[in-house]
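The letters A, B, C, D and E name the chains in turn, as written, and every chain counts its residues from 1.
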Amino acid sequence: QQEPGLTPTTIKIGMFAPLSGANMAYGFDVANAAKMYYDKINKEGGIHGRKIEVVLEDDRCNANDLVAAVKKLVEQDQVFMLNGGSCSAAVVAAKEYVVRNKVPLVMLNASGDGALYPPTDYIFGAFSISQYAVGGAMIDFAAKTFGAKKVAYVNHDDAYGAWNLEGAKADAEASKVDLAVESVNPTINDVTAPFLKLRAANPDALLIVTYARPAALMIKKAAEMGFNKPIILSVTGTANLSQLMQNVGGPDALKNFYVQDVLADLPGGPKIKWVYDMYKQSYPDLAAKPDHPQAYMPYGIPSAMSIVKALQAAGPNPTREKVLEAMKTLNFDSGVMAGPVVFGPSERAANKATIFIKFDGTNQTLQPGVYSSRWKFKG
Amino acid sequence: MRFVALTVAAAILIALPLVTTGYVVYLANLLLTFTVLCLGMHIVIGETGQFSLAHAAFYGIGIYAAGIAGTSFGTPFPVSILIGGLAAAAIGFVIGMVALRMRDIYLALATFAFGEAMQWVFLNWNAVTGGPNGLRIAPARLFGLELVTDKDAYPFVVATAVAMLVLTVIVARARLGRSFRAVRESEIAAQAMGVPVQRTKVVAFGISAFFAGIAGGMFTLFSTYIHPDSLGFQTTILVLTMVVVGGLGSIGGAVGGAIAFGLISELLRQAPSFQEIAYGAILILFMMYAPKGLFAFLADRFRGARHA
Amino acid sequence: MPEARTPLLSVENLTIAFGGLVAVRDFSIAVAPGTIHALIGPNGAGKSTTFNCISRLYRPNAGRILFDGQDITRLPSSAMAGLGIARSFQNLELFNELTVYENILIGAHCHCGASLRDRLSARPPHLAAEIDRIIERTGLGAYRETKACNLDFGHQKLLELARALAIRPRLLLLDEPAAGLRNREIAILDGLLTDLARRDGLTILLVEHVMQLVMSISDRVTVLNFGTKIAEGTPQEVKSNPAVVEAYLGKETALHG
Amino acid sequence: MADLLEIRGISASYGRIQAIAGVNLSVPDGAVVALLGANGAGKTTTLNAVSRLVPVTAGSILFEGRPIERASSHAVVRAGISQVPEGREVFRDMSVRENLEMGAYGRSDRTGIRQDIDRAFDYFPILKERLQQKAGTLSGGEQQMLVIARALMARPRLLLLDEPSLGLSPVLVEKIFAIIRRLNADGLGILLVEQNASVALAASSYAYILENGEVAVEGRSADLRHDDSVRRTYIG
Amino acid sequence: MDTELIYLFLQQGIVSGMVVGSVYALLALSIVMIFKTSEVPNFAQGEIFMAAGYCALFLLVFQTTPVWLAVPLTLVVAFAGAALFRRVVLTQVSRASGSPVNLVIATLGLSYVLKGLVRRTGFGDTPRSFPALVSTDGVMIGQASITRLDVAIFLTALAVMAVLFCLFAYTKVGRAMRAVGMNPKAARLMGVDLQRIHMLVWGLSAVVSAIAALLISPKILMTAEMGGIVTMAFAAAIVGGFTSLPGAVVGGFVIGIAENLVGLFISSRAIVVAPFVAIMLVLIVRPQGLFGGRVAIKKV
């Protein structure tokens, strides 16, 4: 039987990401990054002589639309495999469908833990990082670097928050750290209440595992209230550090401040400069706009790399099954992320490693070591 | 004329799964679900002139009730759907009773608050709704029959939608429908004619919640997952928009609005970068130049063309 | 003699105040069955307020309202139609976006039959003849399918009456039905109301400022001033009562009207 | 001298319904002119056309010689035309005083306004007692008085009265007509729409009778009053 | 929890709540103004607020326009934009149908257009703030610590409310605004230029929202989604009675404080739901909101 999406000269890949609306910043440029990587591969001759053909759909970060996009790609466009998803809750909605139809789905930057655990044969993700790992690594860093015995932990009340908190709890137990947790809604306007409660717990460090806006509000509030313990911001909130500095009201708020990162280098650092250069070359118009490329852009590269590698490994006559087998054995360093991409027989989350950077408003200093979570999936 | 339109609609509905892909059938399922939501909205706002801004919440109650019944207790799906509808109606009645004392806009605002609170409950009641992780919904079942694909579910979705449409027509034509409209036009006069105004409002509210709950049940026929994110004010507003754009006060408007707007929205997905602007502009232009709804607009054009 | 019979409606010692303003004070009236009883008085005397108390839109501060011997003071407004009390509104309260026919049909709300078929039908067949007759009697035949809001004022007034008739009332409360009508239409109304009382045995309580109508059709007239009764009697008695002339009729009307 | 108001062949319609067609009418300076007709004849529509509440599809309207058929409603009021609308259009949630003050919207002479409010109380003493009451809770007749008093607050040169006696007690009707005569004596032009034809003819010098949106009969009021055929057909 | 902590929580919760509440109040005032004159809940109010903020940001940060010019310029743009929308779009909508629901949907359309436009500029992706117009040095009120900016926000809300209240209650234009809301036909017969009044109300309402945006941006940060805060403003308006200006302000404070106290004494998770629970409680106890006039029985 002929595999869908395959011709002697092309291979069709279905991509989906939020290309519009509120959550566009999470996926638009990530998809662009993957696309430009495929373009590069095509220019270099493709994969076993086949050019990659991308069909891109807008998933609006919303479950109904994402499912529509996936069904369109699979049934209408007959793609060979899927490469998409930037929003975890939405991507989970497609899980059953993808598994039932045995279509390989390689996520873009969604953490998508809900679709990765328990592992299936068809879904791979967490190229940025798994949320379980985010939470655990934060605790790990706080315990190791500051010898924290009690940490304050702010996260969101959404799926992300539920996952990273579970990771954090696992590590807190392992490191004998006390957790004081406040879960807030991402739309929060006044962080006085959660901050006061966390401060009242008298923590050794404040861990902020939220998006950029609540994070900035929290840091600012901490500064206003004269909080002087270390503040550590997870990767979820690091979108734009110079902007963060302005948003918290200047460098004074960042005297004792650390950020988590999952890239191989500081943003704009030499190791990953090539990604930014490539972006500028591929999308000169976009690059000229303010705030572009968007912060999460590089995360698209390891995702696309994995697909390319798996396709190459699947040989000149790829089938979905062969590609899935190849995906499961991937183990390579993308050069973009802090840790290698590693999948395994029951491992579907690509990255678990994070680095930490001290940031004082202007200078970024890489902290030694790589931190990860000790959380394990208990099927 | 009407007969022709109905025949064409029936033909399209029957032919659809035979000639298209699962993707199109999925869209059709979703649109039909929204059609039922719109019918419920029509009853409360179009017929009775009351705002219900908690529609998404009742929809959600329907989804969770039907989904949990089917998934955890294995009830056959017609029963699950009914459970969804009844659960929503029951809560709708209770809310209606509480809101009884309020008049005019306050009633609407109270329902708005209820809707927002309900979404929060969906998000935080982990034991029942799965909270932020969402809820997996098992394929619908009936005597060993299992609805796995969109095409499997389609006939039942269509049947439910048609049944609800017929029910709407019956209600609208009946004495109950007349008392709805009487309340809409003048509460005082309605009262003087012997229409129990407050009770009528609560009944309208309850029926509309029932419709939303049934729509929730329909959703569980072809979906495998629900997350509270989809059950917010945005969804209520989407339904309201559909009803108004289709033509407030007419059943055809509610149905047409749901279908037309669902299609517009899906088409706009293909043009992401100007999507919001285009969506907003379409709403504005519709309100400026076709305020009586899509159908009145088309009918006017049609008539105009014939006269010209 | 009407006085001999027990009244269909009796209002006993009704008092109602809005804030400091006592709109109706210790007012009593008894309306005998089958009669036309007019309630007149200067503007702001409390006539509409009395109506609003009878039709249970306002809750009186004191007093009792008896209909056919039954105390209805605490019943809800929507129960009135079921008892057979219908009213019209001085400032028009029509179902504007609905047609004349539908307006009247809603008037028949309490008579929509018990069978499912009657309840579900858009135009209940068992009411068709009755509604046709009401439309014919009120002269709205040409406007059956016209929306109420598109009628002119005069026909809107008639529709108010038609809708009230569909209640199959025993007691009809009419608040200024002739306001805005021309002489000819007033004459028609005159005939219609007389007919309703004499032939159909309806009891009518009428508030009206058009004296030519009041004087010609009323069996009895009660005059209200500043919320209290100042006179009661036959039209002739009331007309020649100096207090009424002073407060309400004016010299000219008393002479010519 | 030009007429105060001159209406030349105006037509107006609501959607597909033509309410008036080619109405000609004039109000000489300082005169009371009556506009009569059956229900639905188009009297209110004519007044609303002058007040620019309904668009005119044909014809012209001259006020003191200047065309106003394209003017906006507020400009017409500023020019000196006030209307007492039918249906007691009060500002329901405003007090009686505020309603009167709204009547003087286009004016800024504080003392003059105060005087005019006093004059209104003079005409309708009951309004003074109800000064702080919300207009929506006034009795029907009280509202009618308020609307008349409010229209006078603009110190118009032409007053359009749409059934001013509607719902008023007989004494008050007498009083209203006395007031009309007094205003007229002060030089105010009045276009009076009335159901009560005999009273209207008595109060006016000239009258028009509308039928189905067209002027069917016109003439001096005194003549019409005594014209039997007119009485039979239109006044009844 | 010991009493000292409770005491501190109470003080800080209330004081901070009043500051954020002031912003809800300003937005609620904008909403109430428009609602009073046209019975339309303006669904685009949040996006007007957001767009005005971005306009200021653009002038101030990216064009480096001096503050004394950028602020008035922003207010003028907000006024003109809103007035124009009222004039061009809503006039046509109400002429075409007159049903309030249609106006509401048109404002919904505006909200999408504004959001889309801001996103097209590319500024909307990252949370941003422009330099605070008032210093953010700390101030202590009892045990509660806030900033000078917070004090300024609070005072501005009160001042704007006072100005609007006087405008509506004591000036001729204000009376005309109310009259237009109550009975547009009669208002026209009084010589009120409906068009102008509507434009004025929309313009002023946009200016109030713009002021809120200028003040609050350093506090809540700007994103293309920041208009979502309007939900809180609606909540404030509802609690206050929806047609009362002082009600809107008090409602804003109630919501702001409720959020904080619920967050402090119940759970941070419950902060989002606090306003809606507050609405339901208030409406059950007082069906017309705190400051809404008695629900009048219509006189017939």
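Miscellaneous remarks
Note that in this section a contact is a pair of C-beta atoms (placed from the backbone, for glycine too) under 8 Å apart; a residue touches a chain by one contact, two chains touch by 3 or more.
In this text, all values refer to a predicted model and were calculated from it rather than measured experimentally.
Touch-path distance (fewest steps) from chain D to chain E is 1. Among the remaining chains, those touching chain A and also chain E are B.
Annotation: 50 Å between the Cα-based centres of chain B and chain D. Measuring from the averaged C-alpha position of chain A to that of chain B gives a distance of 36 Å. Annotation: 29 Å between the Cα-based centres of chain C and chain D. Centres computed as Cα averages put chain B at a distance of 31 Å from chain E.
Looking at chain B, residues 124, 188, 273, 275-276 sit in touch with two or more other chains.
Touching two or more other chains at once are residues 21, 24, 157 of chain A. In chain C, the residues that reach two or more other chains under the touch definition are 48, 57, 89-91, 93. Per the touch definition, chain E reaches chain D in the complex via residues 172, 175-176, 178-179, 182-183, 185-195, 293, 296, 298-299.
For chain D in complex with chain C, the residues that touch the partner chain are 14, 17, 38-40, 44, 86-88, 126, 133, 137-142, 144-145, 163, 166-174, 195-197, 235-236. Those residues of chain B that touch chain E in the complex are listed here as 45, 98-99, 101-103, 105-106, 109-110, 112-114, 116-117, 120, 124, 188, 233, 237, 240-241, 244-245, 248, 273-284, 286-289, 291-292. Interface of chain E with chain A (complex): residues 5, 8-9, 12-13, 16-17, 19-20, 23, 62, 119, 121-123, 125-129, 132, 136, 138, 145-147, 218-221, 223-225, 228-229, 232, 256, 259-264, 268-269, 271-272.
Here chain C touches chain D in the complex through residues 18, 21, 40-49, 90-92, 150-155, 176, 179-185, 187, 209, 211, 247-250, 252-253, 257, going by the rule given at the top.
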